[in-house]
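Two complexes come next, and they have one chain in common, chain A, joined by chain B in the first and chain C in the second.
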Partner chain A sequence: MIDSLYIAWQYIRSNKIRTATLIACITLISFLPVSLQLLLGESEQQLMSRAVSTPLVIGAKGSSLDLVMNSLYFSDEIPELISMEASDRVMESDLALPIPVYARFHARGNSIVGTTLDYFDFRGLKVTEGRNLAMLGDCVLGAKVAENLGLKPGDSLLSSPETLFDLAGVYPLKMKVVGVLQKSHTSDDLAVFVDIKTTWVIQGLGHGHQDVTNLTDPTLILKRSQSNVAATAKLYHHTEITKKNIDSFHFHGNTSIYPITAVIVAPYDDKSGTILRGRYLSKDETLQIIKPEEVIDGLLQNIFRIKNVLDAVIAVVALATILAVILVFALSLRLRQREIQTIFKLGCSRLTIARLVGAEIFIIVLSSGLLCGVMILVVNQISHDLVRMLFIR
Partner chain B sequence: MNKRSEFQNPKPKIRTVFFCMACVIIACSSPIAAADNGTSDKLTVYVVNYPLKYFAERIAGDHARVVFPAPSEGDPAYWMPDAVTIAAYQKADLILRNGANYAKWVSKVSLPRSKMVDTSAKFKDRLITAEEVVTHSHGAAGAHAHESLAFTTWLDFDLAAKQAGVVMAALSRKKPAAKDFFKKNYTALENDLLAIDDEMKRIAAKNLLSPLVASHPVYDYLSRRYGLNMKSVHWEPDEFPSAAQWSELRAMLKKHPAKWMIWEQEPMKASAARLKAMGVDSLVFDPCGNIPDQGDFLSVMRRNGKNLKPAFQQ
Partner chain C sequence: MINIEKLHFSYLTGDFHLYISNLNVEKGEKVAVIGPSGSGKTTLLNLIAGIVPVINGNIRVGETRIDKLSDAQRRDFRIQHIGFVFQDFELLDYLNVIDNILHPFRITGALKLDKDVRKRAAALAENMGIGDKLKRQTNDLSHGEKQRNAICRALLPHPKLILADEATGNLDPENKDRILDLLFRSVENHGATLLAVTHDHELLKKFDRIVDFQNFQSSSD
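Right, the complex of A and B next:
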């Protein structure tokens, strides 16, 4: 047997290109399905982990996928807006902790996420540089945002207007960067966090300006009566919130009806969660309460359906490759006809010739197996970071 | 020889070292353990005004450390804390708010909603919209006002008792083991507040129609609860009113012939004298939004009641 392996090895050494091609074909065809399985498994785990760690989400009735993707992964698809009353309603129920989320605006291509301080405790986010949100206009950056934009505490960041064509719209707000979050390898790394009230200032629902009741410049007054002062468009609005002007900032009307995109709900226990879900089942209800785990699970089911198609394609390619390999060996045997006849004339039996060919195939398959094993080990090692990189860009 | 014997028998030294180490460990660990027990057991409660501090302290007793970090001078309703103080509020176990737009700084800072308790949320429908507010409008938002709600809710002692009830419920949620203790203390506080409420009703009932002028519009809840016939001007006790303010008062007195002006603090002697010349006496009814120089919330309110009595004599 050793002799056969020796002769096969010598033959392989003298036909390097053919052997390398065969090894590459077999390696790739066995590596592809296994690595795909590994990466999909890791993606599923990572996608699900964020969904599983978010017990319930309340939002407007409509696409539950948009709602989950926006409130968990801050996607650009904005679900229909709801009001802060949805959050107050959960708070008043005393069944769960509501965390309002308003993920609508952007700053230099990154999502601005308006929320409350409870979000940071809920997600276990820690500030590594600077401090947490304290004043209106403060922002805390996700690790990746700080890295990409080269920002640190003390710098400022301007919110982006929703549309370039809204010339009479609200001025962008110059936010003060007060902290940078520890890397969490989640969507939080790509977000700019502000207090929910700051997002309302960005939207123009809250603002700061000169005290209109004490204006002396007549060009600033459109109409003055005993009970109302109407100001002209010339009235100066502050575009940055500072210690000096923070007193002039105020909100129009009742803040409990101000808009948000969703409410993340953390029930105090399983029973409270079930009771709460039951309260949103009515047909007249304008809100929906969803379990992100179920939505993401549904999404992954679809992804796995696509995976089945991929598996079928790989199976066909594998079959074609195996046939090609058989053909290569058959042709190789035909090309080596004279060489085989010489061996035969030297007194070797057919079995010996079969053993020689078998040894060749064994060496090629073994090499492919080893190479494939090493590649799978590498993918397994980096799959965690690779998937994070794919999801977190 | 001696040296040799010391090396040969090291036990006495080792014993001494062990004894010293044990002493150090005991000495260090005891106070730490005691301090830990002391701090970890106590709730840290931050409040936005003195009445809530008083209510929380009365109800929680030794179970909580109640902190009211506003400076002793000035009105806490218009105070703005710095970032360090806000961080301290953020770390508290419980943040008691007065509600009714009191302490506007709360709407300009980031505080954890899970820790905040609005003590007037349960009687939102009973909050008073302040009169004489000039609205303003600009852009598409329409007219709006910066100040619209009267916020000295605790001057209606029935509402004050309700606020104290919310404080009790919040403390009980945070520390269920002490629920009965909180309930007992709350009942005592409620009785005290309702006793003042009864006393105020008795005082006012003597002459309900007696017209009064308030130096500041902070007595809306007091006025409504006890049926006072009160109108307000915007005077400061430590500032002598301007000519315009005097003429505004004179015009008011023609339609509303008040004989008494209610001040938040002792007015300037010159102001009181000029008022006296106009036939208007001065009395102090301290809203007690900040920590009083003497006494506590109850004693200040009892003193207020006594001060108010002459205004209702027939």
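Right, the complex of A and C next:
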């Protein structure tokens, strides 16, 4: 058998293009369904595990999928905003723990998630380096963000403007990195966590600036009365929150009507959850309460329906490829008639010819299998991030 | 070594007929086969080697009746006992020189490929003047080098009978003598028998005997 393999190998070596084409065809046709299955399995696992661990989500009426994708996986699709009142309402009901989420802004391509400290307990997130959020302007990085950006506690991170051309918009906020989270292999690894009030500062709803009561420069004052001072745009705004200037930061108006994207709701028990869901069934209700598991389940069913179609397509292509490979071998045997005759003339049996062809097929299939295995290993290694890129973000 | 009696042969197409009433070649003899083109010289070698089945008549090689052997048995006999130098070399172009020489050992369990065989193959190639081209693909060889490669392949298993179809046909005079001497030496050293088809009348004097196909009845329609 080794001699047959040797001769087959020599033949394969001298027909590189034909061999490479055959290996590529077999590799691709084996790799496609396996990798697809791998990615779908990973996406199902990623989407479902997080959905199952999130009992309820409250958000604006509209696309429940957008709401779930944004509040659970921090996708770029931002649902209609709701106010902080939605969170207060749950708190007042005494049926569940509300965790407000404001996932709208970004820092160097990563989602900034404004929330409360309850979020970390709810998700079981641990800070491995530094400390948790304590001050306005602090941020805690997901493990992958810290790794990708090479940041550690003590460094700083600038929020990105929402639009490039919003020249009159708010200044980016220089956030202070105070901690890095332990790797959780979830979307949390790819997020920058801040206190919800910090997101309002990023949005410009809260700000810090020079003390206007002591202003002497007349170009900075627009109007002054006994109770109020109106400053001009020349007034210096702080773009970083420090111990020195933190007292100058303030919010105008009632913060309970400030925006958030969703409220994650953790009912104290099943009954409370059911009661709470019933309270959002009214036609006049502007909010919706959804069970992420149901939404994701619906999404996965659609994905798997598409996958079934893809499987059928791949099966047909695989059949065509196998037939083409058989044809290539059959044609190559016809082309090699002279060589086969020579081997016969030397005195070898038909079995030896079959062994030689078998060895050739074995080498090609083995090479394809190895190549396919390596490619699947690579996909497996990057499937987590690939799934996020393909299905979530 | 070879005994042929009342051999009738014709191809299925019916355009060629060969009849040999009697032909004997003694063990260790070096016999040249001559005759005009199309007279059946190559066919005779193919019949003796069992490449073409005998339809009518007897062919005996040593103690073996070739005409009584099955297809598979003829192949086994051929690879173990006959060294065939084909007219058009029949080398495999995807193998290099040394692999072509060793090829019979790789395609049958009857011949064992070991270190000694490899050494002999290299030495044989050296003697044939292609020792420096062992790793070359056969496509890169000249006509004469290909022929020497084919001769090495035929001689390596030390066959009892060597059938050579125009073995020196493509060689220059100097190489012709050299190769023929090597062929003869190999035959003498191993007590083999040589039956060689040739058109080269200058070489005939080196052979023990000449078989002229004009003495046989053959016809091409």
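Quick notes on this one:
Operating definition for what follows: the second predicted complex is superposed on the first by the 271 of 393 C-alpha atoms of A that agree within 3 Å, B and C clash if a C-alpha of one lies under 4 Å from a C-alpha of the other, contacts with A are read in each partner's own complex, and residues count from 1 in each chain.
Operating definition for what follows: contacts are C-beta pairs under 8 Å (C-beta built on N, C-alpha and C of every residue); 3 or more make two chains touch, one makes a residue touch a chain.
On a predicted model such as this, the values are computed, not experimentally measured, just so you know.
In the superposition on chain A, A:Leu117 makes contact with chain B only, while chain C stays out of contact range.
In the overlay built on the shared chain, the residue A:Asn15 is in contact with chain C alone; chain B does not reach it. In the superposed model, A:Arg131 lies in contact with chain B only, and not with chain C. In the superposed pair of complexes, A:Tyr268 makes contact with neither chain B nor chain C. After superposition on the shared chain, chain A has more residues touched by B, the comparison being chain B against chain C. Touch criterion not met for A:Phe304: it reaches neither chain B nor chain C. Taken together, the two complexes place no residue of chain A in contact with both chain B and chain C. The part of chain C that touches chain A in the complex is made up of residues 49, 51, 72, 75-80, 82, 84, 86, 90-95, 99, 103-108, 113, 137. Remark: chain A residues 3-4, 6-7, 10-11, 13-15, 339, 341-349, 352, 356 touch chain C in the complex. By the touch criterion given at the top, residues 80, 83, 86-87, 90, 107-114, 134-139, 141-144, 146 of chain B touch chain A in their complex.
Within the complex formed with chain B, the residues of chain A that make contact are 87, 91, 97-99, 116-118, 121, 131-136, 138, 195, 197, 204, 209, 212-213, 226-233, 235, 246-247, 249-253, 255.
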